[in-house]
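What follows is a group of structures, each given as structure tokens.
One chain, chain A, links the two complexes that follow: it is found with chain B in the first and with chain C in the second.
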Partner chain A sequence: MKDVLIIVLKRLGLGLITLFVISILIFGAVELLPGDIAEAVLGQGATEENVAAMRKQLGLDRPAPVRYLDWLSGAVVGDFGNSLVSGSNVSEVIAPRFANTLFLAAYAAVIAVPLAIILGVIVALLRNSVFDRVANVLTLTSISSPEFFLGYILILYLSVKTGYFPAIAKLSSDMSLLEVLHRTFLPALTMVLVVMAHMMRMTRAAIINLLASPYIEMARLKGTPAWKVIVKHALPNAWAPIINVVALNLAYLITGVVLVEVVFVYPGIGQLLVDAVTKRDFPVVQACCLVFAATFILLNLAADVGSILTNPRLRHPK
Partner chain B sequence: MTEKKEILLKIRDLRIEGYSDEKWIEIVHGVDLTLRRGEVMGLIGESGAGKSTIGLAAMGFARDGCRISGGSVEFDGLELTTTAEEDLRALRGNRIAYVAQSAAASFNPAHKLIDQHTEAPVYYRIRKRMEAQEDAMELYERLRLPNPREIGFRYPHQVSGGQLQRAMTAMAMACRPDLIIFDEPTTALDVTTQIEVLAAIRDIVDQFNTAAIYITHDLAVVAQMADTIKVLLKGNEVEEAPTAEMLENPKEEYTKSLWAVRSFKRPQKPRPTSEEPVVSVQNVDAAYGPVKVLDDVSFDVYSGMTVAVVGESGSGKSTTARVITGLLPPTTGRVLFKGEELPPNYRSRTKDQLRQAQMIYQMADTALNPKVQIHEIIGRPAQFYGGLKGAALKSRIDELLDLIELEPAKYFHRYPPELSGGQKQRIGIARALAAEPTFIICDEVTSALDQLVAEGILKLLDRLQKELNLAYMFITHDLATVRSIADEVVVMKQGKVVEQGPKDVMFTPPHHPYTDLLLSSVPEMDPNWLTTLLEERGVDNIGEAADK
Partner chain C sequence: MDYFVLGYYTLLIGASCLAAYYQQRPIFMLLFSITLVSFVMGIIGGKEALWTTTVVAASIGLAAGTSYGFREFLINISGRETQKMLRTAPLTASFGMFIIFTYAIMGIFAPVIAPYGEAEVIGGAFDPPDENMLLGADQLGRDMFSRIVYGARNTVGLALMATGAAFVMGAMAGMLAAVKGGWFDQLMGRTADVIMSVPSLIFALLLLSIFGTNLTVLVVIVAVIYAPRVFRLTRAVAGNVVVMDYIEAAKLRGEGTWYLIRKEILPNSTAPLIAEFGLEFCFVFLLLAGLSFLGLGIQPPTADWGSMVRENATLISFGEITPLIPAAAIALLTVAVNFVVDWMLYRSSGLKT
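The block that comes next holds the complex of A and B.
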């Protein structure tokens, strides 16, 4: 277990370095955006002097490296500065939005991950059967359709025509959990449909890949029933690739859902980012990007640790 | 076998088809087999003879892409070819068990040994889990596994190959089957480890009076194990006879050729007196990370001569090759090439130094890129080292194919997967020759091949050595190969050279104790060899000698 701990610490260190490099990229990319907040706020009629004064007031006249260090030193303690538009603290703006996004992602993940893996195991067991093909076609269709399209289809059939679920996922603080779950069901379902295919197909492929192994043949020759061969003998050795794909999809659930949030008017971090970009609200943009990057790195780290923990050679060294 | 026992397994006119190139092709052409309770039958033949396929058919099982297309398999009165899959499954692991070639690959890496052991008896409700565990420990003890009460709670990767093979035999015994199929259970093991497994299998089969089919390509092994031997060739039976009779008096030509396969022996050459050695390994130590794997290894290889490096797996044979080729720089010591010191890392060696030393690998299957045509595989080093192009390159490739006795016109555009194992190994040889080396490292080049094919490769290597005055370093664990082609022998154990010298000296007593252990562990054709050896060594010492 000591080895595992060392590996985890190493990965964590690498993750921090990656995050640092990303912070430079984010800052650089934002610098490259045409125009700045001073011009945006003051509009076209502003004089040179006004713009300069505004820049000085916001600290934009200082050289980029100084501003970067300033920003970074704040960011490491969770202080991303103030929004240039509203003037409120960026962390306070982002926190509730990010919590909403995490909630929706968790909601979708709780449905999608077990469902995808169970379906993956079933299609591996019934490989090349009609069920396998139908499941493949359906999940591929859902992954190939744009998210907003899926969203609108669901709204049409499950909301407009039948009225089972609300089409707009606006939240207020006095709702009970059940209400929230009901209200956010359609966006969650849309995301389930988007991420399921990938995880299911990887589960199927990872299991089928192992079926030619001598130990699978041995299990069969011991008289083990087919379902048990898959679940007990193949699946435990297939976790590593499955976990990695699950982690990638979880990251996508958090960082790739802007369109779904827009379609269902859900107050998540994706919408916040899009708004901030159009308003040239750089501190918010930078903070959002950094949060996304950290999410990606953490989930990949979790996947690495997961793969290690499912490998008996690493868990039980000689 | 004086009184005739009850017939357990009766196979008649068994035909099995395999699916390839989009059609079914018959691979077993009507084989008969009769096995009585408590008897052991040896199935012997080269790869592709259908041994394993017949063995699995005795369980009513056909691998993916195979099917039983005709004939009957009757097990204890039950016709397996017409029995429903569910009922067949109820026999497997229960009344018929299977022991696979590589226990290391056939144990599931994700579960403890004992959990895999108890799976079948618990599933068939023969024993409760705790009883089954207790029984497993008893069987481990009978098979003389170390720490029988504890070893089952380890994962497969925590147990050595020979111990795994015994644990797998124990697992086959879990439900006390009537019949066990042993499919080359010792082929992947060192000679010293092989003995302990053979002894264990023979004991347990005797104790429980279990019938067995013992599949192998090694005659000397089958002679120790079987009551009767059946010889197979390309899915046909060649002949069947009681073991002693078969060994003394084989009737068919093919059987005789199998028996005579070790006939190839070339005369031993003396070391040249005036010349410098081509390769001189001097006091080399090497390590993988903190683990020291070579300890003060020294030997010389002269041009036109073959030095065989022998030892069990893990003795440092292949690591020595990695040091010579510069893949693993030594921690101390040096490697001289014709008197000149080679840079320790291959990256700092000149193209000419790299060209002079080439390698041929054990698994031609994995050493050749399956997606590249033969002429490219051979042409690449000729291009890289010789700078050949166009017509000159083509004629060089033709010349090389002629050298390895493959018709250029026929093989120029083929791909490796279209070739047989022996042909692939020949391509590996041609690729090494293409660089025009003076020194070739042959790493277990014949151990994946059938005996007849292996002999062909050895003859080819010998001819090439004479024609091109090549120096060989021949890594092997097979002492029969050493006998046939070596001039000098280096015996390695745990990274050290235990003994070295000319072959005739090495094969004449007195030996170093370890050399003696290796030599005496090579199975002989005498059916009483194992029994005699066990008596000499004392049964309890066998496992220990090998586990060290």
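The block that comes next holds the complex of A and C.
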């Protein structure tokens, strides 16, 4: 068990280093701005004094590395400074919205993950049949469609024409959980469609790969019943790829949510990011990007750790 | 029970019985599942649902017929080697090729096909379709159909340019890294790791917020974001080629790096690279469409499918499908490219499972 711990810690360290480099990237990108933030925000008509005052207020008179360390030490404890547009504290704006986004992603994941894995295994067992072909075409179509296309189709048919679900996922604090689930069903369903297709294809590929290996052949030849081959021989080895698939798709859920949130006017962090980008509100953009990147890295890390834990061979890298 | 419903079930059940009689098991399974699904749908959705199923089935049939015809057409006009390859193409692949072909024609001859200019105001806002405007007017009274045709040129053209740029950057870096090895390889590899660990849409938004939105910036940003993926693949493919004996021989002959890349490595890694180009194009196309949808891509008045969806989205709440047409155009092209790539990957990997 000790060697597993060391590998997990190593992976964690690597993730932290990546995050550190990304924080430099996110901070440095803004430094690349032609002129500086003060000029960009105030625009061409600003007087020399105004710009100077803004620089002073933002602390731009200090060298970049100092400001970076300042920003980073703030970011670590969750303080991202103040918004340039509204002047409010960035963390206070982001926190509830990030919670909303996580809620939506979790909602979609709870539906998509079991469904995708079960369907993926079924399709893998029925490979090269008509159903496999149909599933292949359907999943490819779903992956290829932009999220807003799926979203608007769902709005058109499940909201406008039939009125089963609301088209706009506005939330307020006094809603019951059931009501919230009903409200956010369409955005969740949109993400389920996209993510499920990905997961199904990857699960299918993983299972087919496994079923082609010699020990499965051996199990079959010695007369093990089909269900036992799957449950006792294939599944224990399939966990690693499946965990990988799930974690990668959760990462996709968290980030692919941006477009879905805009379509359904859902108060999540993705919409905040898009608004901030149009308004060129840099502290908010930086904070959102860092949050997204950290989540993405964390889930990728989880994928790695999960596959190491379920596959003893990976514990002894050559 | 009217004649349509009766005819519908008679046809389906009759066809599945025929299929069963002639031992066409897959066709029977498909037809009979459709029958069973229709029972459920008919009870819930009534005649409407059955009608939709018929329309969908008919359009799938039409698409299959077109793809079959197009494949035969391609086989007839191509040379012997290509013929052999094309005969193995599944219908989905030839459907994909047909769609790509149509889009190419639409993009290249846009000014000839489109009845009006892309920024020309013809009627009132959101005018319904009439004999002048095939699909009606958009939010400023411009002809929707003309804008979709021009969109093929603008949207696809930009995506192709960005993919091309990403590809040249990634492939060159990948092959150089494979040939040179050492610190260059390490440096490129780590840079690619970092760029790939930020989600692409988020990275694009960050960079766009800084550099503002114009076409050059868009192309460069997308190229930078997607080059690492190409780099990784090229590095892996070229890495397998570099260890071959003929590379050793060329090195001993005294050939330079550039010669090695151009004459030895590139010809031996084209197949996976072409498939990757298709995949990459899909990603880039979807990313650019997403950015335009957010209002951060190609700027008006240039016609662009992503922004057209956004601008006309209000129509959805009146039950109109017009805003879905540009979105469907995006989806259709991506599906088409994916179908072709799927077939190419299947061929090159030799995975027969």
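Keep this in mind: the second predicted complex is superposed on the first by the 293 of 318 C-alpha atoms of A that agree within 3 Å, B and C clash if a C-alpha of one lies under 4 Å from a C-alpha of the other, contacts with A are read in each partner's own complex, and residues count from 1 in each chain.
Definition applied: a contact is a pair of C-beta atoms (placed from the backbone, for glycine too) under 8 Å apart; a residue touches a chain by one contact, two chains touch by 3 or more.
These figures come from a predicted structure and were not determined experimentally.
Asks: Is A:P225 in contact with chain B, with chain C, with both, or with neither (first, second, both, neither)?
Replies: After superposition on chain A, A:P225 lies in contact with chain B alone.
Asks: Of the two partners chain B and chain C, which one touches more residues belonging to chain A?
Replies: C
Asks: Examine A:F296 and indicate which partner it touches, taking first as chain B and second as chain C; both and neither are also allowed.
Replies: A:F296 contacts chain C only, not chain B.
Asks: Please work out whether A:S145 is in contact with chain B alone, chain C alone, both, or neither, and reply first, second, both or neither.
Replies: Touch partner of A:S145: chain C, not chain B.
Asks: A:H233 contacts which: chain B (first), chain C (second), both, neither?
Replies: First partner only, chain B.
Asks: Using the superposition on chain A described above, determine whether A:S213 touches chain B (first), chain C (second), both, or neither.
Replies: first
Asks: May I ask you to decide whether A:L72 touches chain B, chain C, both, or neither, giving the answer as first, second, both or neither?
Replies: Neither partner.
Asks: In the superposed view, which residues of chain A touch chain B and also chain C?
Replies: 212
Asks: If we count contacts the way the header does, which residues on chain C are in touch with chain A in the complex?
Replies: So the residues of chain C in touch with chain A come to 26-27, 29-30, 92, 193-194, 197-199, 201-203, 205-211, 282, 286, 289-290, 293-296, 306, 309, 313, 316-319, 321, 323-324, 327-328, 330-331, 334-335, 337-339, 342, 353.
Asks: Can you list the chain A residues touching chain B in their complex?
Replies: Interface residues on chain A, with respect to chain B: 212-215, 217-225, 232-233, 236-237, 310, 312-313, 316, 318.
Asks: Which stretch or stretches of chain A touch chain C in the complex?
Replies: Chain A reaches chain C through residues 18, 21-22, 25-26, 29-30, 32-33, 127, 129-131, 134, 136-137, 140-141, 143-149, 152-153, 155-156, 160-161, 167, 208, 211-212, 251, 255-256, 258-259, 262, 273-274, 276-278, 280, 282, 285-286, 288-289, 292-293, 296-297, 300.
Asks: Looking at the complex, which residues from chain B come into contact with chain A?
Replies: Checking each residue of chain B against chain A gives 56, 59, 61, 63-64, 89-94, 97-98, 100-102, 105-111, 119-120, 123-124, 154-155, 157-158, 171.
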